[in-house]
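The following pair of complexes shares a single chain, chain A, combined with chain B in the former and chain C in the latter.
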Partner chain A sequence: MWNSRTDYLYVAPAIFVMLIVIGYPIYYTIELSFFNTPASLSLADKTFNGLDNYVTILTSPIFWKVTWQTVVWTTLSTFFAFVLGLGAALALNREFAGRGFLRGLLLIPWVVSAVAASYVWKWLYHSDFGVIGALMVQFGLTDHPINFIDNTTTSLYALIVVNVWKEFSFAMIMLMAGLQTVPDSLLRAAQVDGASAWQRFWHVTFPHLAGVSTVTVLLLAVQNFNSFIIPWVMTSGGPAGSSDIWITHIYQIAFGRQRWGVGAAYAVILFIVMMVLGYFYVRALTKGDESRAGA
Partner chain B sequence: MSASTEAAVIHRTGIDGWRWFGRLFLVLLLGFTVMPMLWMFITSLKTGFAAMQYPPQWWPTEPTLENYWRLIDPTSSVGQDFLRYFWNSVWVSTLTTILAVVVAVPAAYAFSRFRFPGRTFLFFAVLLRNMFPAVVFLVPLFILMRVLGLVNTHGSLILTYLTFGLPLAIWLLKGFYDNIPVQLEQAARIDGATRFQAFFLIVMPLSTPGIIATSIYSFIGAWNEYIYAYTFLTRHDQMTLPVGIQRFFSENATDWPGLMAATFMMSIPVVVLFLVLQRYFVRALTEGAVKH
Partner chain C sequence: MAQVVLKDVVKNYGGVYAVNHVSLTVEDGEFVALVGPSGCGKTTTLNLVAGLIPMSGGTITIGDRDVTDLDPKDRDIAMVFQNYALYPQKSVYRNLAFPLQMRKMDKAEIDRRVQAAAKTLDITHLLERKPRELSGGQQQRVALGRALVREPRAFLMDEPLSNLDAKLRVQMRSEIKRFHQDLGATIIYVTHDQLEAVTMSDKMAVMNGGFLQQYDSPANVFANPVNMFVASFVGSPAMSLVPLTAVSKGTDVVLASPEGWEMPLSDANGRKALSAKSNKVVLGGRHSTIQVHKAQVPGSVPGKVYTVEPTGDVTFAQVFVSGAVVNVSVAPSFQLRPDEPVFLEFDQNRMHLFDAETEMALTL
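Up next, the complex of A and B:
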């Protein structure tokens, strides 16, 4: 509605800070990925080595193992967080006493620090005194407590449970807001026409949730792909790399082994993957805009 | 007639079936959500000896607040450390929040109102920022902080949190400004207010819920942040709670009750803040997703 030079003044502070703290690092990471930088991170001594860092990564068997684990981690975490969140949103989508309180309670895991959550779950999973192991013995599921996180076959899945615990309620509030957009009149009309509860959900509610669901799934996927704290604090990617995902792996390469160039090249590959996901995210958002404009 | 009654009966049982299924699901989900928090609290009331028992004591035989007293006792070394971390977290999170609001308010207002070239592009750049993982920034920012002499200072954290919090802060606030009718400002302008006065006296007060929501969001984000604090801070007296607690743990690896008390204390400020101001927070977060 207005247009003048001073308009830019409102955004200038934000743009300026972001250019320094976001633009510069992105450029720098790309540059570092083509160099061999000494462990001391003394930049004067870095030497250009072309695509060597990338070749090192793509030919390493660990790369494919970690990539597979990242896919498992991201897919399962996103799927279960979404399903639990959807279930909770549908179950809470009705007025009853204590509904607000229940919603608040379910949201707490999402608000608390992931570091706190990691330690709490580490204690729950504890091999000797953990309450999960004790409960499983109590209910006769096993003879003795199972060690979930120091075990190469179960560690990744044990961490996925923690991750789902931490973030399902994010899906829940997003979908609760989405449910508000489903017109009551349509649901009632469907009921009068004899549609079953399932048919009403599938043919009336679900199509209205499609937009929010896409955004929620994408946000969850991005967040899970970028996870660091839970695997890092609980297992540091171990044992034997069995719960290593991309970010923890990169962190180890860069800050653990001081292989800055390889770490940067990893970050660039990750960056490209994120840009692809980002493209779909923006498309999902703008598609919603167009359909609204059309309606 | 009888057929339709029959159909109604079937429907009723169908609905009730789903309703009961929904209730059962909620109860199970509630158990899954609450059990870890409950166990954290119960453990924090135990002595070290009571916690290390198999099978576990479901409720401590001699509940004690000793673990909490030790954390807040400024004369013990554990208490000194904990209070220092706590204070550092309060300081960093508060300052980040204030700065984030000061910078985000004008930017969000501009994104909501003005049609300057590249506006859409800028806005999606803001959204895309959220997708970049911290590791992309970690090494360069570490170098940048070294150049600026900010390593091991709170300045490094505040600058980083501010930047990474901004895109979301702008997004949240824009949602609120979009809902404030432009006519209000136009009326003020006609009555002789400058554009800044219209913004400051008319729009700002109306967007208070948005500012509250944005503040909670950045406070919680800064309070819980771990990866940058973990990388930028090595001096003990500068550490914030998430990093400090980790250090606490590595030095007292078997003191689970103490650790649980510490995680409980660390969670209190954000959980209380969140529960009290829940409605602003939820509204702001979902505003952008449902309609934008």
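Up next, the complex of A and C:
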């Protein structure tokens, strides 16, 4: 057992640092979530109020509205980013002239700064000067430019479009790497066995991508759940909270209205949800290891 | 089962010819091995027969049908791959059933054929397993089964034994041979291992650099290699080749070495040697046709032992003769030491002579 003791010694510095920068904030957030806090930074004046903050949150209609919007945001963003990424990866998996160039081009959304991209898209969507509105008028789709982001029914979906544009490159890269590991001989075997192109995809390629797809979807889901930059820069959750998702809402409560206790309680709820997603992510990641180790 | 005919088949990538005007006929029920070193075009040839890559020229017929422009699925062939290429997420049963499902066969018929193939290959007890739960040999049997259920006109096998360990390879070798004999199947079998080709095939097609070098029964290829490449590729250890000069001495012909020794040739061999384009002739001999002596005997040539490799039954040795390495074999009781001078006597009736310029065998 001497060995395992030295093992702990080796990881001790890392654990120590993580306890300070990760462990303590988590503890402090959980502690704060049970307190009523003054709307200032004098947190020493906080008073214990038990589960009041949680009750406030869970009984508030806004919480359920924001939760629903978060679910819509996460699900649609993840789904479309994955589907678009898969399509792009499949297209780029074939040999054709200009493939390298196109691959680079499709990677741009992923490498562009999210803040810069958000501002660009804000302009594209702009009701007076936006390119999108102008093009729609040009093609006769509408009489006057639609106001996408200053509109309570469309703002969330307008943001989802931006988010999908920003994220599909990530899914594309992951799936392209996955596609490269599909054994050529399996595809050939299927071809000799009489499978059409679609059947080869369905029976060989797609099952082979199952592992990387699971990981990609979970990573996208976690990332979308935690999204902040795009919704905050483009709408700050507005208009009238129509594009608010959990992170932007928590930010507003804590740092906008300085309701630290309620914000902390919100964060704890989000933390629990994230841990559940994280559990599935780690399980998906290590599933292959176990079957290999068991073999 | 059917005859497979390749006629003037060409595959080139730009100026590089992977397969260079290859013509050969595989008779109905024949086991033909395509053999050659890496990059010789054997796998490309097989893929052309399968229709997996487009041909640059020539025609291929299977049975009485010209399949040159047909898709793989319409050629009625089945293929077995080096790494088995089993569908990992499907059970053995579903792997076997897959090619039949793709042909929209009805369930009862699929089940009948899968069970029959499983019984033939003795894998009935594995039908519910996934490929990863099987050993290499079992996976290869499933791969054979997936080819078998189709009842194809020809089987194409691409190095099916290379992923197995040495012991299993020998065992599967006889199983595939048995498979061929029981089914009377037409099989085209690609291998880089000349021993597999020699032991399993009815005919072997030796390829090198995209060209078909020789197409004949293993016995004939072994006994009468058409050129120096085939001579040195087939047989283990390889045939030894010693470059020498043919010199006429009155009515006799001798092979002379730069070191000054001479080896008299029989009448027939003398005439062969003189038919070379120049007087440069390469002497070829297999280990089993060379006698090793400790002292000079008439007709023997001097050499020096390089390495000695006892294998139990027989001791192999490499001997330097005029700068070339000659493989010889002696009885284990015959003691040889490295650097020991010895004299080699080549069997005049079983030696080979090649034209050093054209590298072709010299014949009468």
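The rule we apply is simple: the second predicted complex is superposed on the first by the 276 of 295 C-alpha atoms of A that agree within 3 Å, B and C clash if a C-alpha of one lies under 4 Å from a C-alpha of the other, contacts with A are read in each partner's own complex, and residues count from 1 in each chain.
Basically, contacts are C-beta pairs under 8 Å (C-beta built on N, C-alpha and C of every residue); 3 or more make two chains touch, one makes a residue touch a chain.
Small disclaimer: the values here were computed from a predicted structure and weren't measured.
Colleague: For A:Q138, is the partner it touches chain B (first), chain C (second), both, or none of the two (neither)?
Modeller: In the superposition, A:Q138 touches chain B alone.
Colleague: One more residue to check, A:V262. First (chain B), second (chain C), both or neither?
Modeller: neither
Colleague: Count the residues of chain A touched by chain B and by chain C, then name the partner with the higher count.
Modeller: Chain A has more residues touched by B than by the other partner.
Colleague: Contacts for A:L277 in the overlay, against chain B (first) and chain C (second): which applies, first, second, both or neither?
Modeller: After superposition on chain A, A:L277 lies in contact with chain B alone.
Colleague: Which of the two partners, first being chain B and second being chain C, lies in contact with A:S185: first, second, both, or neither?
Modeller: second
Colleague: After the superposition on A, what does A:V204 contact: first (chain B), second (chain C), both or neither?
Modeller: Touch partner of A:V204: chain C, not chain B.
Colleague: Check whether A:G194 is in contact with chain B, with chain C, with both or with neither, and answer first, second, both or neither.
Modeller: Both partners, chain B and chain C.
Colleague: Taking the two structures together, which residues of chain A meet both chain B and chain C?
Modeller: 191, 194
Colleague: Would you mind writing out the residues of chain A in touch with chain C in their complex?
Modeller: 183, 185-186, 188-195, 199, 203-204, 207-208, 210, 291, 295
Colleague: Hey, which residues of chain A end up touching chain B in the complex?
Modeller: Touching chain B from chain A are residues 1-3, 7-11, 13-15, 17-18, 20-22, 24-26, 28-29, 32, 41, 43, 84, 87-88, 90-92, 100, 102-109, 111-117, 119-121, 123-124, 126, 128-129, 131, 134, 137-138, 145, 165, 169, 173-174, 176-178, 180-181, 191, 194, 196-198, 211-212, 215-216, 222, 225-226, 228-229, 233, 247, 250-251, 254-255, 260, 263-264, 266-268, 270-271, 274-275, 277-278, 281-282, 285, 288-289, 292.
Colleague: Which chain B residues qualify as touching chain A in the complex?
Modeller: For chain B paired with chain A, touching residues are 7, 11, 14-15, 17-18, 22-23, 25-26, 29-30, 32-34, 36-37, 39-40, 43, 51-56, 103-104, 106-107, 109-111, 113-116, 122, 124, 127-144, 159-160, 162-164, 166-167, 170, 182, 195, 220, 223-224, 226-227, 231, 241-242, 245-246, 249, 256, 259-260, 263, 266-267, 270-271, 274-275, 278, 282, 285-287, 289-292.
Colleague: Write out the stretch or stretches of chain C touching chain A in their complex.
Modeller: Those residues of chain C that touch chain A are 47, 50, 52, 71-73, 77-79, 81-83, 85, 87-90, 98-99, 102-103, 132, 146, 150.
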